[in-house]
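Naming follows writing order (A, B and C), and every chain is counted from residue 1.
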Amino acid sequence: MDDFRSTEIIFGPQHPGIHGNFAMRLELEGDMVRRARLVPGYLHRAFEKLMERRTWHQNIALVPRICVPDPDVNEAAYSMAIENIMGLEVPRRGNYIRSIVLELSRLAAHLMGLGGLGGAIGLYTLPMWTNGERDYVLDLFEALTGGRVYHMYTWPGGVRWDMPENWPRKALKVMDHIEAQLPSYYSLFFESKVTDARLKGLAPITTSWAVEHGVTGPNLRATGLEVDLRRDDPYAAYEELDFDVITLKQGDGMARALVRWYEVGQSIRIIRDAIEKMPGGPVIAKTPPPLAFMVPPGDHYAHVESSKGEYGYYVISKGGKYPYRVHVRGPSFTHGIDVLEKMLVNQELADVALITGGLDVCPPDIDR
Amino acid sequence: MAWSTTTWVMAALAPIIVFLAGHLFLGIARKITARIHRRRGPPVMQQFIDVFKLFGKRTSTTHSWVQDMGALFAVIGVIACSLFIPIGGDPVLSFQGDVIVLVYLLAIAPLGMALGTGSTGNPNSAIGVSRGLMLMLAYELPFAIVIVTIIVHFKTASLGEIVEAQKGFLDWAILSLPLSAIAADLSLQGMLGEKPFDQPVAPSEVASGPMVEFGGKYLGMLMIWHAMSVVVEAGLFVNLFLGGGVLFGGGTTLALIGNIFVWLALTLTVFIFSIFINSVFGRFKMGQALKFYWGFPTLIALIGLSIAVLSNLGVF
Amino acid sequence: MKEDTLSDVDTKSENYVPGHTTVQEALGYINAHLPDLKVKLLSSKRGEILVEHSIKGEVLTRLKEEGFDHFAALSCIDMIDDDRIQLVYHVWSYGSKGHILVKTELPRKDPSTDTVYRIYRPAITYEREIKEMFGVDFPGNPRLTQFILEDWEGPPPMLKDFDTEAYAVEHFGIARRDLPSKPPQPKKGGES
């Protein structure tokens, strides 16, 4: 490439438009990106290595740190893998509470992600509002688990303790509140001409391209393929809960945003349904105490549908107190590097933050 | 032409009034934006605090003397503008054709900023500056047509006389030239750099563009420039369309002081209106902004111009 | 290298049809074609295939033809006791909703196996990470450039015999036993 025609911009990690702790090296010709290279690694904490040296339960405190906006999927997938190797049966009530926690987490993550989109086009009112609602969800988490951002609540065998008595009522109240606010957010963001101009037809992808490149979750559903691990490979209590899998056809930035938008409504529906159908009984299976907790040799790949895509944990045990190896498959590992490098090419610089935010890339998934 | 005492005093006071009002307005705007965001927001005086803090800082990075000149250019350009704007109906510098001089002067400050940022060598600021100049091209077209319309309508190219001609409430140009007023307000949105037209300083695209290499005292200078230009630009709209705030006649000092406050109140109203638009819209891309300005606002500005010309010819 | 872009995507011929071969059928099919493979059905939705690393490409190609188009992950495990490095290719079928693990083993000394990124595109990044963290080479992968470890000179850090403390002592000159029990207090008065 001609040296005098292109400018190189290092977009991040210190850049207001970057979606977390990674960097992009963009080669620009005028306003157009001709080449994008992603540079991860600013947040690498070697979790996979650390987990080999901590007991099965100590790792519960470690895994949620991998994904900040949506931490509960980590605990759930990790616990599910262990349960499968051990042959543990989670009590029904435990599964229901897990579903509620996972949906609350998805709700919070989607609200934050939509706010990020607002930030990327400069509509700062939206992130302020949605993050305000997210705070109510965090309040619910605090009342349930004691932690706001990281919860360490899901546990191999179930959940750590039962819900407080008035918690379901509080949760329903927050759900009612968020649902009442949703129309105003819709008209603020999706009914705006500017959003239309920015998001419609932005970096469209087709289903076959998406499947080929390992795109999962809402981004794949935005291309029209009806896939959702909650339905395809049911875990927790999703088999018994009532919800729709949202799909849209266009596969562009608008569709990706709208799928997330509708999933907020579905999460509220699932939470209400789960609270209504909540069975009695214990919340955790009988397991050995943490210090004597041994997992028989075996391996299992457990995956869950996170707010960003497929989250998988491949856990290998050789018996004993520590995992032999844990491999974490984060959705952004594909979205954030290979897919993004392709999608950014021939887009304007102005759209870089919007495309990254639209894919909901979470760099800690890469740097785990 | 010998200056009267009042003119001398106003010449000294005008930049100070604009300086104080600018920072106050920005503080109020921050508070209002915060309330729309459902936040508490910073104190109204925050803008003053920020500027004084910035001037108290050591500047750690400077690039060349061109950067110093650029920041100075921006501030001096806007101070010069403040002398041309009739504050409370009393312009310091007034002559036939001062509107045209003012339109050129308004471009000096952004050019100064472009000069300063060009010397820093940061690609983000270079892109920001080029976007700023493109945006200027975009909004200047409808705005220039509006200026011509005003000149045709009032048959004078002097701001002082334009204000003079709008003495009564019913003479306000916003009533006689409503289409031009809309076009001017849309241009004002770009001139103030409020969304949907804040591409030059878009944080998520070019990391705040021109400001990116400016810190400490430089940033303080740019903040002063921004605050003062807000008053000058919104005030220009008030002078062109809202009668320049001349409420009290009589020409006494007391009436002048009263008029200054009325002018400030009107300016604040115009600015707050643009802040409202700012907080419920996202940002256009550069091409979309150009398309927008050369479409609807230019069209209605042209219609407004034809109406003014035709009514001058006595068709209506 | 020419940048492949979204405009290469053929938007006209868009009709993605997920394949509906179940895990059981796929395993039977694989077994019929390559009879000396160890094939195990773990549950109705999960199967496992153990292959020699030289023919894993063939197995994966067949699985993809059978509708297992989603490449979920590529895991690498250092089996230090067996002196082996295990690679696990996770593939998933959107049609039959089945998961197959293709396991293959490499010698621990100079591990190297062909890339599968031409079969499953997402592997390009997984292989890049494994090259860095485990030292497994994937000839044919064009993106085996520096990924996360910047200015790294030591051995691949995710290997079981990598001694983190020895590395810290060597590179930073401090061991765990040398660390003060209390964190050092900042000195009073004046910043440097």
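In the analysis below, contacts are C-beta pairs under 8 Å (C-beta built on N, C-alpha and C of every residue); 3 or more make two chains touch, one makes a residue touch a chain.
As the structure is a computational prediction, the values presented were derived from the model and not from experiment.
> Taking each chain's centre as the average of its Cα atoms, which chain lies closest to the overall Cα centroid?
Central chain: A.
> So which one's got more C-beta contacts, A-C or A-B?
More contacting C-beta pairs are found at A-C.
> Using mean Cα positions as chain centres, tell me which chain lies farthest from chain C.
Ranked by distance of C-alpha centres from chain C, the top chain is B.
> How many angstrom lie between the CA centroids of chain B and chain C, rounded to a whole number?
58
> CA centre of chain A versus CA centre of chain C: separation in Å?
It comes to 21 Å between the two C-alpha centres.
> At what distance in angstrom does the C-alpha mean of chain B lie from that of chain A?
The computed centroid separation for chain A versus chain B comes out at 44 Å.
> Within their complex, state which residues of chain B touch chain A.
Listed in rising order, the residues of chain B that touch chain A are 33, 36-39, 123-124, 126-127, 195-196, 198-199, 202-208, 279-286, 288.
> Of all residues in chain C, which touch chain A in the complex?
Residues 3-7, 9-11, 14, 16, 18, 45, 69-73, 75-78, 88, 90, 94, 97, 99, 101, 120-122, 124-126, 147-150, 157-158, 160, 164 of chain C touch chain A in their complex.
> For chain A, which residues count as touching chain C in their complex?
Contact set of chain A toward chain C: 34-35, 40-41, 44, 46, 48-49, 52, 203-209, 211-214, 216, 225, 227, 232-233, 301, 303, 310, 312, 314, 316, 324-325, 327, 329, 333-334, 337-338, 342-343, 345-346, 366-367.
> Sort out for me which residues of chain A touch chain B in the complex.
7-9, 15-17, 28, 31, 118-125, 128-129, 132, 188, 192, 194-195, 197-198, 348-353
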